[in-house]
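Please find the structures below.
There are two complexes below, and they share chain A, which is joined by chain B in the first and by chain C in the second.
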Partner chain A sequence: MIEIDRVTKKFGRKTVLKDVTFTVEKGRITCLIGLNGAGKSTLLKAIMGLMPVSRGQIRIDGQPVSEHLYEKVAFVPDTLTMPPFMTVENCLRFMRDFYDNWNEERAAYLLSFFKLQPADRISSLSKGNAAKLNLLLGLALDTDYLLMDEPFSGIDMFSREQIASVFTSELIEDRGVLLTTHEIDEIEHLIDKAVLLDQGRVIREFWCEEIREKEGKSVMDVMREVYHP
Partner chain B sequence: MIRYIKLVLMELHRFWKIYAALAAITVISQTAGLWMSIRSHIKRVHWEMELTSIGTYAEFAKTYGRTSFRSIVSFNELFFMGPVMICIAVLLIYVFLIWYRDWYGKNAFVYRLLMLPASRFRLFWAKLTAIMLFVLGLVALQIVLLPLLMAMYRQMMPAELSLAESVFSYVRHHIVFQILLPPHAADFFLYYGLGFVAVTVVFAAILMERAWRLKGLIAGILYVSAATLVMTFPLSLDYVLYPHEIWGLMGGIGLVLFLASVWISRTLLAKKITV
Partner chain C sequence: MTERDDFAAPAFNHRDPVYLQVVRHFKIGIATGRLSAGQTVPSRRELAAMMKINPNTAQRAYREMEDQGLIVTEGNAPSRITTDEKVLGAIREELITEAIDNFIDSVRQIGVPINELLEKIRSRYESKTAEDKGASS
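Up next is the complex of A and B:
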């Protein structure tokens, strides 16, 4: 379980995360929802140790964040993080060279699933293909948790469908997924838990199935209540 | 260890085109400069011989003297020192770019580098090693190139006009090469050791800026300024201390600065760095 415990992050005088507390369970898809600037990306970076927090604690399976974190958690940022001069093949080799938990077989499967060409340069990839490669680099790691920052942002409909299909496949099964988005409609049916963030605070946290059964509301309905009361 | 070597190889690979261009510029410019200097010198000798009705090179040398490699090079010094200065300038800029390149540009590679499942400190060592190899590689190129250029000088210059000079003697009397290629091993280790310390100090300052942005930039500038002051302080004691004592003191201060910079960098990379 990933535990985010009263995490606060300040940039100078501005507080971007304030006492954020929630958990990400294994085998569940948790969606961090918020408008632009709510602090979603900052929180993911903080979990990954890419940004120190001002206060609070983050624990992965009970352990504080350390370099061993990257064997348990994979992060798919909102942009591809490989240098433009590399080819797709170079990227896969880089991952193979540096990660013990790189799953070669799964990488090959995803390469063909996403129809990516190994010889293509990163600089020449379309936005959709860059997003697919980014996802491949995260999914091909044998990790217990997967963090994704806006995986559907700015890509075409067909690429979205292809990426969305990953969420219902065995590629995600048994993993704990935390993803951020501000466009919930297309993935609403995929997520198990929603955490609503506003101006750096968690304003609502709920299990989607439960709220559907008990209150007859969709995630979108709850969002309307919260963000546009 | 293998991952550290792979990181170093990756750093070398990322700079190899510019590095190869620097090496090529050095070789071409120095060779062409020497070739042009010798050609124009021989032309001048012929012209002078015609004017003064001197029949042989031996007679000319008796009247006007022989011309050493050092003198020939000095006719076209820009061709010789220009590429050296370009190499120094590019490597100095690259000390900064080797870090900032990972943060800026279309894709921030630093995310991936900081998320490698190993100590982030390896990044620091890999980048430092790469810079050191770049510097020493160009030094080695110059060490190989100088004897070859001297051989070219002996080949092109008429024997009667040339003046034998060793590479050692040429380097020892050259204002820049005597620092870049110190003939004594102790000087070599001292100069390049201090250069190495300077790079670690700058790396620490860069990481301060990357960790705390504007405040870090100010802290980094202060740190570099303080390090420079402390490092050069022994030079002001030249009326109290012997030269070898001054160099010894500088070596000791350099070691302390190196350890401090390494500790700062390690702490910042592990706990404070921000993407």
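Up next is the complex of A and C:
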């Protein structure tokens, strides 16, 4: 379990995360929902130890964040961070050399599943293919947790469907997934838990099936209740 | 062998629990004969992939169906649709009652006398059936 415990983050006088508390369970898909600027990406970076927090604690399986974290948690940022001159093949080799928990077999499977060409240069990839490669690099790591920043943003519907199918497969089974999005509609029925973030605060945290069963509401309905733009 | 198409994804609405929508989809399949008694059902993983749902939801749907006696599992064999006539009959009854209740709810607001309504249903049903026959031949 990833525990985010009263995390506060300030940039100068501006508070971007305020007493944020929630959990990410193994074997569950948790979705961090918020409008642009709500603090979603900041929070993912904080979990990854890429940014110190001002107050509060983040624990992974009970342990505070340390350098061993990268064997347990993979992070898929919102853009591909590999240099443009590299080929897809180069990227995979880089990952293999760099990470002990790189799973070659799964990487090969994903390469063909996403129909990516090993010889293609990063600079020549379409947005959709760049997003798929980005996801591949995270998914092929044998980690217990997977964080993804806006995996569905800015790509065509067929690529989105293909990426969504990852969430219904054994590729993420038994792992704890935390993803962010600002467009929940298409993936409503895929996620287990929703955490609504607004101006750096958690305003709701709930299990999606439970809210449907008890209140007959969709995640969108709850969002309409709590956000007042 | 199970045909993949038998378990194709229904269009999910966002307000009813997804697992119950899956259960309902199975019930309709059984009532319409698309799924047959004793037929093997996909594994939890396969079902998740076919219906494009979370594996946890597939698991929960199967648990619910086991509880309702819709599917049965013996030992390590793959689960099957029940062959229990009582359960199968009850599914058909349930779906019919549900459809009629929905119909009554909407038609009652208009306030049609029951005899007129029954007459209209009969004539509508017959003309629709004839239309479908005409379209398919």
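Note that the second predicted complex is superposed on the first by the 227 of 229 C-alpha atoms of A that agree within 3 Å, B and C clash if a C-alpha of one lies under 4 Å from a C-alpha of the other, contacts with A are read in each partner's own complex, and residues count from 1 in each chain.
Note that contacts are C-beta pairs under 8 Å (C-beta built on N, C-alpha and C of every residue); 3 or more make two chains touch, one makes a residue touch a chain.
Keep in mind that what you see is a predicted model, and the values were worked out from it rather than measured.
Chemist: On chain A, do chain B and chain C fit together or clash when superposed?
Modeler: Because the two structures are overlaid on the shared chain, the partners are seen to fit without clashing.
Chemist: Just checking: does A:Glu71 make contact with chain B only, chain C only, both, or neither of them? Give me first, second, both or neither.
Modeler: In the superposition, A:Glu71 touches chain B alone.
Chemist: Going by the contact rule set out at the top, does A:Tyr99 touch chain B (first), chain C (second), both, or neither?
Modeler: first
Chemist: I'd like to know which partner A:Pro52 touches here: chain B for first, chain C for second, both or neither.
Modeler: first
Chemist: First (chain B), second (chain C), both or neither: which does A:Leu80 touch?
Modeler: The first partner, chain B, only.
Chemist: Go through the superposed model and pick first if A:Met220 touches only chain B, second if only chain C, both, or neither.
Modeler: Only chain C; A:Met220 stays clear of chain B.
Chemist: Rounded to a whole Å, what is the shortest Cα gap between chain B and chain C in the overlaid structures?
Modeler: 28
Chemist: Enumerate the residues of chain A that count as touching chain B in its complex and touching chain C in the other.
Modeler: Looking at chain A, the two contact sets are disjoint.
Chemist: Would you mind writing out the residues of chain A in touch with chain B in their complex?
Modeler: Checking each residue of chain A against chain B gives 45, 48-52, 67-68, 70-71, 75, 77, 79-85, 94, 97-101, 122-123.
Chemist: Using the touch definition from the top, list the residues of chain A that touch chain C in their complex.
Modeler: Against chain C, the touching part of chain A is residues 27-29, 164-165, 167-170, 173, 188-192, 209, 212-213, 216-221.
Chemist: What does chain B use to touch chain A in their complex?
Modeler: 3, 6, 10, 14, 105-112, 114-120, 271-275
Chemist: Under the definition above, what is the set of chain C residues touching chain A in their complex?
Modeler: 12-20, 45, 48-49, 51-57, 60
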